[in-house]
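Look for chain A in each of the two complexes below; its partner is chain B in the first and chain C in the second.
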Partner chain A sequence: MAQSMAGPQQSTSSFSQGLRRNGILGAFIIVVVALALTKQQFWSIENITNILQQNSVIGIIACGMTFAIIIGGFDLSVGATAAMASVVCAVVMTTSGQFGVPLGVGAAIAAGIMVGAINGALIAYLRINPFVATLGMMTIIRGLVYVSTNATPVFGVPYEFTNLGLGKIYGAPIVTLIFAAIALLLGAVLQLTRFGHHVYATGGNARATSVMGIDPDRLRFLTYVLVSVCAAISGVLLVGQTASGQPQAAMGYELTAIAAVIVGGASLGGGYGRMFGTVIGVLLLGVVSNGLNLFGVSPFWQPVATGVILILAVGLDRTRRD
Partner chain B sequence: MSTASEGIGERRYVGGVEAATPRSILSVSDVSRYFGGVTALENVSMALNAGEITGLVGDNGAGKSTLVKLISGVIPPSAGHIEFDGRPADFASPSQARTAGIETVYQDLALAGNMTVWANVFLGRERFRGPRFLHLLDKKAMIVAAREMLGRFQMNVPPIEGNVDGLSGGQRQLISIARAAAWGSKLIIMDEPTAALGVAETQAVEGVIRTLKDRGFSVLIISHNLDQVFRLTDRIWVLRRGRMIGERRTAATDPNEIVSMITGARAGNGEVA
Partner chain C sequence: MQNWLDKTIHRRRLLRQTMMALLAGSALAATGSAMAAELTCPAAAQEATVADIAPANKRIAVSVAYLKVPFYANFKLGLEDGAKQFGFTYDLFDGNSGDLATELANLQNFAAQKYDLVLLTPSGEGILPGIKQLNEAGIPVIEVNNKAGFGRDDVDVVTYVGADDVEFGRLQTDLVSAHFGGNPVKVAYVMGPLSTPAQVLRARGWDVGRGEHPEIEEIARVSDDFDSAKALAVVQDLLSRFPKGQIDAIVMQGPEGAAAVDYALRIGRDDVVFFAGDYPADVRQLIYDGKIAGTVNQNPYPQAYHAMEMAYDYLMGKEADIKRPYFLPLPLITQENAESVPPAWGC
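Here is the complex of A and B:
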């Protein structure tokens, strides 16, 4: 009796999960191979480096976003937070003299922690819906950034700081190395530590976690802090790429990051997702947009492509599950 | 001091009735619980013997769930006191109750379906390896231990590394029960343990509940299914409209008497209906 109840369903579930994870990887490989075969310049070192360089900043945001989505929420304020961090970083760097660089970076991260704490408190403790809370925070932060800068960029960042945003180590862009390090670190946190484990549990069944003596509110709070810190790191790297603090930076990054995480196999309902999938999701969106570029398609088509990929990925997954 | 009070508590309950009276594991004394102006429980007293399966029955709204919540630390009583294993059981939270040895198996299955069987068994009680502050999960140890814990109940152990959402309701219930039993608990409370299960699964779960008794656990079952209560329990307590109507030894009563106590057709223990 008991054995007949379970076996087959169990294997289908893990099979479809495997298919799903490998499905996105397969799509990514197909796109890369197709582009490599049809466009010679695609497979050049310059182009590959270029793709990595362009997608690392949003990749870091997507790494943080993965936690928010697994725990059953998301964060719309990451783009605004990145812009705020870039402005804070630039202002502190240009006004603090000798130790401007570390102070600027520190101030940007501190600003990220503050935003995350507000998001986390609104969502975890005041029980405000993540959509409402982070949409509100997004417009508030962006507005404050415009007010404080009069919507003009902050120039005067030490030129050497662009090494961080544009420099390379043995041919690899430094921003990509930072993205890789963050993805590895956060992937390990997700898979190997108690925190990651409890994030999955809370996303799957928050009641079950609280019944078992875990505090889901504390986990949610910490998750939103983590997301905002990732956004702030991205903001610092944006300063490194432009040598300025840009109030208009990272516009729309929140939706691209969420799209990448979902394309990577996470479920907006919470409980599912992996860092590896997110990285592939970021690279897939980046490679497709690069491919459109190489074929001379107007950049206005890029959001269309992103949208189609997002709906295809989720739609195909739905048909597989049914 | 605590050992002394344990002894006193025991003796107080036994009260010199007869030498062979079993040890009390839980005693609820004159407990009331109000929600605003509504009285959910009034002057309820109940005693559970160690090593027995006790049934708690009553109609919808009789206060069964409220009483369970008081015992398992979910909500505090408005008046009266509860003693568990000879100590005052004024738990501030379910985890305090769990630490003291009271595990509750919830009707709506407190399992995370998106996680593996072993992860659910160890949810909130993970084992770690490496430097303590990193909280690195010791997956291998947990997988081995979870397989052993579930195997103890002679059930067909489901794939320990598979996700729970691929399992049937019966298998999930068995995991919940095995998890409750695995942690050195003394009293396991089950709220409608087979409410959502088919016949074969109900049999399997009832088998596990009997195994719990054989292993020395005390069990409190809340069930609507009187047949089941008579199949499993040693003693039955009946609640009606927030009052404890009475107690019967299962062997010394019959379903008709219990039904009349539940519905109020006949008063029990000298109470006027």
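Here is the complex of A and C:
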């Protein structure tokens, strides 16, 4: 009997320990339960899949941003890179005939790699502060996109391509499956590979890691390439959602992505953060936004409510950790 | 070894079959929702050149608050054509997405550089001190597309050339009412970026129109920031919030709803009728396909062109020819006339 009681007690205690360890997960669960209890439509399959779909694009950017933040930097050019990738993808798709789709996707990813390489070189080898380097790249990229498109969206993307952005497989949005795959893959890279461990080490103490024989510059370079590739993938998915390349797309995504990573428990000082936390951070932001819309909160009040909820959630998490 | 090879070949075959099935599924889905017919995409109509006009040979400065918004692509073409026609050289400046400090700096520079005239698309009334500075410098100001100082006593603005955004919002209620035959209709209203002139004035007109059409019941008011991805998210949430029977229409201030309309049709919400604002190429196609019920066409090209014309009349002393204000028509577009009216931009 004693043995049979130990099971549930242990599982309850490990659950509460888990919650204590993942405070933001607790906050997320509280928000979800509160919404589920107070708004019937929240719990519908349609609404849940909507939330997942709406936040997958920003989620992929946040996955990349997690690496940048853990290594002790961040990337303000991700929104511009996503917009550029969407325009490059749309232009190539609409001008390359029957192979337009694979060529468009490939060109967008290549553009992302190029931006990441420039960011990485500026930060790792020219020692330019990540804020300055990526802010500069953000404005350069946006400017080039406006120049090349005359600030006009690129229409004419094959309609079938919207299946990528709006379609579902067995009820799950395809963009969410891609987000999940990327989060799992990058989470595994972060936790299980030498590269991931070195990212943590460099973010924690770059000088010490370099004494250990690790090349922090190379790591930073690769990290910024990775961030930009994630942004480029998001740009391609935006084309899948809107059937067009939008020069003004992803405006402000950089701050939302950074917020999601920080809400997920990462430290802006570097050396700390988890992919699981980032995913929860993204979903928490998405659920709050969805809840406010379902309750019909005025758009004037929505930013206030979002800010208050985020500060409460992160504040509780930090208090618990302290 | 042979066993391993067989397994590998089997796995590859399975993978290839899965990929083929996915591709076939995608193609089927696409065929099922394919558009009836793709419209050709003619460029927006341009003003005809008039031969016997003496060139003004003056220098104009143009400041546009939201130059990077797609709407202004054809606006720039209108400026170009107007300048050519009336003999102006002009310099075009961006207001950095409605950043008042940038707009004010633009106007201060115009005063310092002694331009002959300023064409101004302001972000709002915060620009009034800048207009006052231009007045003090003796530089005439004409407002285009958005207005802030025209009609006020404290600043001097020659005229306003553009659409009446209040009328724009009111006309959207006419569209809705006509579509539903004057019957009661529950509508969600999707606005642009909060506090911008387009959002504020179109919403004001929408409210005026709802007074004239009491059958239109507004059940929700949200914002999509004139962003396609956000428009999709906002519409998804509206459709979750209002199941079938609780909402009849979604009216958008802007033209960013293409993906949202597509989504609604994908999930079988053809009970909701969509109305857009403005008339780019993709909205035209969706109206032609019957997926959007209608829009109000605000064309940026003639606004810019006629602003140049008004500048010409003012600088050449033809004050009697100046229209104050110069409101351009806001034609309603529905499936009936979408094919014959070229889009305002996007081709």
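Convention: the second predicted complex is superposed on the first by the 277 of 322 C-alpha atoms of A that agree within 3 Å, B and C clash if a C-alpha of one lies under 4 Å from a C-alpha of the other, contacts with A are read in each partner's own complex, and residues count from 1 in each chain.
Throughout what follows, contacts are C-beta pairs under 8 Å (C-beta built on N, C-alpha and C of every residue); 3 or more make two chains touch, one makes a residue touch a chain.
Predicted model, so just to flag it, every value in this text is computed and none were measured.
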Which of chain B and chain C A:Met251 touches, first, second, both or neither: second
Touched partner set for A:Gly204, first chain B, second chain C, both or neither: first
Which of chain B and chain C A:Gly104 touches, first, second, both or neither: neither
Touching partner for A:Gly116 - first (chain B), second (chain C), both, neither: neither
Which of chain B and chain C A:Tyr146 touches, first, second, both or neither: second
Which partner, chain B or chain C, touches more chain A residues: C
Chain B versus chain C as contact partner of A:Ser44, first or second or both or neither: second
Touched partner set for A:Tyr159, first chain B, second chain C, both or neither: second
Which of chain B and chain C A:Gly167 touches, first, second, both or neither: second
Footprint overlap on chain A, comparing chain B with chain C: none
Touch list for chain B against partner chain A, complex: 93-95, 98, 104, 106, 108-115, 119-120, 123-126, 128, 134-137, 155-156, 158-159, 162-163, 165-168, 170-171, 174, 200-201, 203-204
Of all residues in chain A, those that touch chain B in their complex: 1-3, 5-7, 9-14, 17, 192-195, 197, 200-201, 203-205, 207-209, 211-214, 271-272
Touching residues on chain C, where the partner in the complex is chain A: 26-27, 29-30, 33-35, 41, 67-70, 72-73, 76, 191, 194, 220-223, 225, 227-229, 232-234, 236-241, 243, 258-259, 262-263, 266-267, 280-282, 345-346
Residues on chain A engaged by chain C in the complex (per definition of touch): 41-42, 44, 46-47, 50, 53-54, 57, 142, 146, 150-153, 155, 159-160, 162-163, 165-167, 238, 241-244, 246-251, 289-290, 293-294, 296, 298-300
